[in-house]
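Here it is, the structure in full.
Chains here go by letter, A, B, C and D, matching the order in which they are written, and residues are numbered from 1 within each.
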Amino acid sequence: MKALVTGFEPFSGERVNASIEAVRRLPSRVGGLEVVTAELPTSYARARAALEAAIARANPDIVLCVGQAGERAALCVERIAVNLQHAEIPDNDGALPVDTPVVAGGPAAYLATLPVRPAVAALHEAGLQAQLSMSAGTFVCNHVFYHLMHFAAMERYRFRGGFLHVPALPRPQAGNAPSMALEDIARGIEIVLGAAAPGLETRNQRPGTRD
Amino acid sequence: MKALVTGFEPFSGERVNASIEAVRRLPSRVGGLEVVTAELPTSYARARAALEAAIARANPDIVLCVGQAGERAALCVERIAVNLQHAEIPDNDGALPVDTPVVAGGPAAYLATLPVRPAVAALHEAGLQAQLSMSAGTFVCNHVFYHLMHFAAMERYRFRGGFLHVPALPRPQAGNAPSMALEDIARGIEIVLGAAAPGLETRNQRPGTRD
Amino acid sequence: MKALVTGFEPFSGERVNASIEAVRRLPSRVGGLEVVTAELPTSYARARAALEAAIARANPDIVLCVGQAGERAALCVERIAVNLQHAEIPDNDGALPVDTPVVAGGPAAYLATLPVRPAVAALHEAGLQAQLSMSAGTFVCNHVFYHLMHFAAMERYRFRGGFLHVPALPRPQAGNAPSMALEDIARGIEIVLGAAAPGLETRNQRPGTRD
Amino acid sequence: MKALVTGFEPFSGERVNASIEAVRRLPSRVGGLEVVTAELPTSYARARAALEAAIARANPDIVLCVGQAGERAALCVERIAVNLQHAEIPDNDGALPVDTPVVAGGPAAYLATLPVRPAVAALHEAGLQAQLSMSAGTFVCNHVFYHLMHFAAMERYRFRGGFLHVPALPRPQAGNAPSMALEDIARGIEIVLGAAAPGLETRNQRPGTRD
């Protein structure tokens, strides 16, 4: 049983991105799960290929993509990936798409297949601030989330997929902007992985692995 | 050189108050400062006597009162204590004062005598989210702050006084409400104390200690 | 050319709902559009039938459903209706669904077919505060919006559909909660209707009207 | 019985300031009050002289200064003017004072002498969103408010003074930023004036006007 966890490189001129900082701090095992990680570029043009390559390398049972949402105070387990991309700030290649689909002709949206409500319940039990979210936005986070679920809907992949938005790390001069300590974010990711694993063995067996 | 740091007991039906939790974690020395602590009741009727008793016991050079402000994301160094008390929620005795003065006939306000801007600069340098604040509200926090500065204005006391509002601890189900990790709050209090000490020896000498 | 505009009855113990108040103030014509209106119950069990009856009566070219979102400051043109219903507060029948689909077996989501970005541009031009929104929530508003777009996807209907979330009316004691004047909300609905009409004649001709 | 009401010119590169827009729409009488108005420069260096000249011209019984606070959703009746000026953005002369007193040697603060709580109650009764505020900030608004109350504390003036912060007007592209309709802001100012007048005749008689 293996989980792939991705984080994003910094964007919008910032020097750190809480998502990749926390992903780097993950242990190599969480319960019965082997954990591998990857960094994705904050780029509409390049993120999909990097995600697919990481999935191809890892052949994971679970994929959790993690991104930073600087205006949020809680760990946000995303429910839905939308077939829409629109940027208010340029991505790291300077791209500013206006209302284009992520996948032309793809369905309007996918729901996460990780158990989202149990994940939030487990986060609460661990004392972490968390909630479900109905929108991952239309920036590169949603773009990656949509591609992830689009892969998951294909024949050849067999993984549970989901997306976690995390607050920014404390930024001294950010006034009353919310933040979360790095340790809590990393712990939160582990907890979401732990909540995603149960029942996986019986439900997600690969073709050819049974006997 | 001695600092007295106070925190408040929980109020409004909550089970913890970030201020006293963090104050309890302070070491007994911060740099050249001896640190003593006290818990204050969240009570208009009883807080003043508890504060005065703690000051009388400690005979401190610095007094930093710490309170929790659940809607804030940053450590807030308060600048001004106002001669006004008004409660929207009952204190721990059920009191709900309406626009009464803290000290009848007292001045409209006192400014903190701790070096507030250097304190914020030191917090920023330590990577903590912090800002100056122009209002400690009109609840028991401001009541205590006003009494503190009223004591400090009296002949017989010789201390620098200030007030620090701290965010709530992470509350799992608080949705998008801001919070701060306990370790960061405790570290922040130490840093404010460190910023308050310089120059104290020469300026705040007690009567009788000079020669 | 005809538009049906719906608003909701009050809910959550409130005495007014900005959406129906504004809908009631609409004129019977906006540009070349005849405008008819209907009030929908804030009820998961009863809203769909009321919506369908209103559509059957009006046989409209455009359907704009309007709902109140008390935490928003701007007119929010919704982009996406999600196949998910979940309530944190009971609807007017006391229902509290937990993560159920709006339509079992329906697609994960529908995008609005009204021209959403031109609608926001027209609102801005009129001096009204407006933005696109990526989530209509999971309460009765989204339930109605999903059913609306599900109807629109069916063979027998030929209308453009969309959803507009409007701020609450000014509530004197709501502290710093956002609001919008009733006149501005009603004007905003007219503007969204005006932006929805162009090109409709040629594209949305009814069967039998062509020759 | 006469009231002077002041508003500010635009600042921070904006083209309108809700305060002066609303002040310009005031009628020349509100109940038994004659109303005169003045525009103040958003300048630490020039506002005081303009305020004093307007007071000297009008010889008012009531002075209400009005300013815009773009992040607020409610009409905010300010309670306290603080002897502190500090700017995060330059005023209209490019001044950026850092923690200087408004009046060197002046008291730490003044409380408004207009009846602030009755004013908020009257605003609520009129259906307007309103609250008391404990800080007018440290920008030119507070500077003017402090000078106003400093004048009021002097022997030669006999007026009730206060300050009202008003939301910004609707700004189309301001996203979820709060706002208030111009008509409501203007109506709010009238209501505050109406609430300020009672009891004035008997209490605030000028020397020499009695017989």
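By our rule, a contact is a pair of C-beta atoms (placed from the backbone, for glycine too) under 8 Å apart; a residue touches a chain by one contact, two chains touch by 3 or more.
None of the values given here were measured: they were computed from a predicted structure.
A.B. asks: Can you spot which of C-D, B-D or A-B is a repeat of the A-C interface, where more than half the contact pairs line up?
C.D. replies: Repeat of the A-C interface: B-D.
A.B. asks: Select, from C-D and B-D, the pair of chains that is joined by more C-beta pairs in contact.
C.D. replies: Most C-beta pairs in contact, of the two: C-D.
A.B. asks: Whole-Å distance, subunit B centre to subunit D centre, using C-alpha means?
C.D. replies: Chain centres of subunit B and subunit D, defined by C-alpha means, are spaced 31 Å apart.
A.B. asks: Taking the mean of the C-alpha atoms as each chain's centre, how many Å separate subunit C from subunit D?
C.D. replies: Computed value for the inter-centroid distance: 40 Å.
A.B. asks: Please set out, as single numbers or ranges, the residues of subunit C touching at least two other chains.
C.D. replies: none
A.B. asks: Connecting every touching chain pair, does the picture come out as line, ring, star, complete or other?
C.D. replies: Basically the chains close up into a ring.
A.B. asks: Which of the residues in subunit D end up touching subunit B in this complex?
C.D. replies: Residues 79-80, 82-84, 99, 107-111, 117, 134-135, 137-138 of subunit D touch subunit B in their complex.
A.B. asks: Show me the residue ranges of subunit B that touch subunit A in the complex, using the header's touch definition.
C.D. replies: So the residues of subunit B in touch with subunit A come to 72-74, 123-131, 170-181, 183-184.
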